[in-house]
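As structure tokens, here come the structures.
Both complexes below contain chain A, partnered by chain B and then by chain C.
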Partner chain A sequence: MVDAVFLALSVLTIGSAIVALEIRSLIYGSIALMITLSGIAGFFLLLDAPFVAMFQLSVYVGSIAVLILFTVMLVRRELIFNKIEDKRRRYAGIGLMLALMLGIGMIIIGSGMKSMETNSPSVDYKKIGEDFLTYYSPALIVMALILASSVVGALTLARREDITNDQRTD
Partner chain B sequence: MSTIAPQFRLSRFIASLFDIIFWVLLIFSLVGLPIVFIVLFYIKMPIINGQMLTPYLAMTWMADPSRTLPIIKTLLHTTFFHVIAFPGFGFAALLAAATIFVERKFLAKIQLRVGPLYCGKIEGILQLMGDGLKLISKEIIIPAKADKPIFWVGPLLFVGTAGALVSLIPVARGWVVANPSVGLLAVFATIGFFPIISVLTAWAANNKWTFIGGLRALHQMIAFEIPLILSLLSVVILTGTLNLSQIAESQQHYWWIVFTPISAIVFFICILAELERIPFDLPEAESEIVAGWLTEFSGMMYGLIQLGTYLKLYAFAGLFTVLFLGGWNGPTVWPAFPADIITHGITIGPVTAKIAGLPLFDQDMLNGTLWFVIKTVGVILLILLPRGVFPRIRIDMLLHTGWYKLIGLAFINIFIALGLLYAGVLGPGGLIQ
Partner chain C sequence: MTNGLIDFVLVSVALLAIGIYGMSVKRNAIRMLFGVEMIINSANLNLVAFARFIPNSQGQTLALFSIAIAAAEVAVGLALVIVAYRMYKNIDIEDFRSLKG
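Take a look at the complex of A and B:
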């Protein structure tokens, strides 16, 4: 059962990832990207990590994919993308990807992780929270700083002083 | 006299009924039964009380009510029944359908109109059925330059996502379709799909009104998703769990709305915005952009979107009940099942029928469902009320409310919750348990 689900998820994820790269229509490409990201959430569910899976769904599908969709729909793509049709680049990309996957696969198989434990209890999110506040607290602080600085940066970029807002009455 | 069927003859009608019965029986015995027996070769039959359930055994049980009831009782606890009927789709769709009718009558009464009156003679009670028949029989028109796959799939995805949201709501103790340990996060993840679906279908219809409506829906839902999540965090802080059943269980003595009133208000406003209801109905503002992102839908596709919208309404009202109003908790008002029927059986004249396994639902579950339905219907009416009272607000005011005011308000109650927790008043090991 788990094997069948794993296989189906793998086919779905990798297939839609290839579609996302190859399809002409940008909208369909972003939909395929959403399916890929949802498939990864499915892998997290298989690995008994529902917490991570739900965050994968709500952050990647719910926010980032929406952002990509939004950009693709609103921006005239002739202005930002120019087509480069080059067979050699594609083959080089596929070759590079295969080499990378082989390397990572060798490392993982060599490290002794050969089978997936599917019957273990799911990871408790309270444990994740505790770890974040104790052992991994520097990482949490760094993340908070990065997020705060990116919020400040976004506000700075979005601020425009040349527009006076006369219409607003509230 | 009505002249719907002037050639009507009762004898011919009865004769045609017999004709239909004859043909059904003939086809069933010649085609149906062989198919059943062929299929039975490949299906693993369940074993009940040590006996394998063959078709003959099943028919024997069907003839005897004392043996049928346990079967029905097992059926009531299967996942299939949960998904199709009781805490899942059937129950929610029933409440949603009732909501559509009540909304029309309720708004009419507020605005001194009469509302639907003709259909079904008594206060237009069959209006909804008439509307449904109309929607089913109407033609589905796809715009010529629409992106057909996305346009077709959109309404189905919308209903599916709304159904996923419904499946997470616990109705009574132990009566919930899906009970994940991270239920609230699952709710957040499911909510995130709605803006995608609306903007994609809006884009696929290839119409400027739908696209403007879709972009408005996207803006609005994204803006109100964050205060929605933040407003629920105070409840999570106080209960220390993300499981919706445990959150409802934790409110046996007092409701969380007592301690987190600001969160409840923020959550309620966010519900209105997420559901695109007046005063936040900019995505389908009919006086500005025809019908917003629903403009190009016709026939049953529009019906599906409508069904999904009202399922979503029920799900959010149920979520409000579970998180702030104590869920299924309430005083026991449902009468207990009479004990003599269990011990002595039902006596009708000289015959006494003793029926095993009679209380199909226990008292606790019926009582819980009653309270849940009462509270949820109250919240639904509260959601419907602004439609009769308020005008639509402007989009910049909407975004200002979402991104600025509500987020600030949501944080206030988070700090109140943290204060109560660290002062040792509430929470695990607090003064009030």
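Take a look at the complex of A and C:
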């Protein structure tokens, strides 16, 4: 059986995920997305993975959500509150969502996962650091290169070519 | 642990379905990115949940890699949104006509 903390966390996570997609203002939407990501970090804490939880908090809530918030603020004001969508596509989307939830949910409930519980002690997070520095160290280096190249790519994409330094007014 | 594996997997399925709904219905480019974020997060939750119940440490390692790659993806995605906004003065994906092949 689930406990109260789990129930509260799942209501918070899924509720704010729906709010993030459905609320009119994009700014409130990104704050709701922040709450969803923090809820996922709470699930990681429940799963005895404190290192992943803190990583999630620092990367998602600390950087990605703030990045999204600033991008939303760069967009014109009426576009933030503008909400155009097809009625028919919306109902089809809700139907697809419910069908996915029910279908995959039924399959999972019917599978043998139901009886899976564990009493074994959780993995020590020192093991993760060991993994990173021994077996996964090439992957870590590749990941660092990917991050660096994506940051350079994002800067190149978002740069304005029509403004030179002497034209700047500030 | 009082919570079984199935509880976490069900929450992850719900989040996945909401993310797919957001990606398929919303026409706002930033809201579509919200949907992508939710899908990635449900995958991470699955990884960590299965890693807890097996138990091993590789699942958590893979989740950390996945979070870092997602950060890179969002940076590039938001840069693309800004470029498209500068070109079309709009973030409605129906307006990005010349992106259609």
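Quick notes on this structure:
Operating definition for what follows: the second predicted complex is superposed on the first by the 111 of 170 C-alpha atoms of A that agree within 3 Å, B and C clash if a C-alpha of one lies under 4 Å from a C-alpha of the other, contacts with A are read in each partner's own complex, and residues count from 1 in each chain.
Note that a residue touches a chain if its C-beta (ideal position, glycine included) is under 8 Å from a C-beta of that chain, and two chains touch if they have at least 3 such contacts.
Not measured: the values here are computed from a predicted model.
Within the superposed three-chain model, A:S63 lies in touch with chain B and with chain C [touch as defined at top]. Of the two partner chains placed by superposition, A:I141 touches none, neither chain B nor chain C. Of the two partner chains placed by superposition, chain B and chain C are both touched by A:F55. Using the contact criterion defined above for the overlaid structures, shared-chain residue A:L133 touches neither chain B nor chain C, since it reaches no partner. After overlaying the two complexes on the shared chain, residue contacts for A:M73 are found with chain B alone; chain C is out of touch. Note on chain A: of its two partners chain C and chain B, the one contacting more of its residues is C.
Once chain A of one complex is fitted onto chain A of the other, the partner contacts of A:I14 are limited to chain C, with no touch recorded for chain B.
Within chain A, the residues touched by chain B in the first complex and by chain C in the second are 51, 55, 63, 122, 125. Those residues of chain B lying in contact with chain A across their complex are 147, 150, 180-182, 185-186, 188-189, 191-193, 195-196, 199-200, 203, 218, 222, 225, 240, 242, 396-397, 400.
Chain contact summary for the complex, chain A toward chain C: residues 1-3, 6, 10, 13-14, 17-18, 20-21, 26, 29-30, 33, 36-37, 40, 43-44, 46-49, 51-52, 55-56, 59-60, 63-64, 67-68, 71-72, 74-76, 79, 82-86, 89-90, 92-94, 96-98, 100-101, 104-105, 108-109, 113-123, 125, 127-128, 131-132, 136, 139, 143, 146-147, 150-151, 153-155, 157-158, 160. Chain A makes touch with chain B in their complex at residues 27, 31, 34, 50-51, 54-55, 57-58, 61-63, 65-66, 69-70, 73, 122, 124-126, 168, 170.
Chain contact summary for the complex, chain C toward chain A: residues 1-11, 13-22, 24-28, 30-31, 33-35, 37-38, 41, 44-45, 48-49, 51-53, 55-58, 60-61, 63-65, 67-76, 78-83, 85-86, 89-92.
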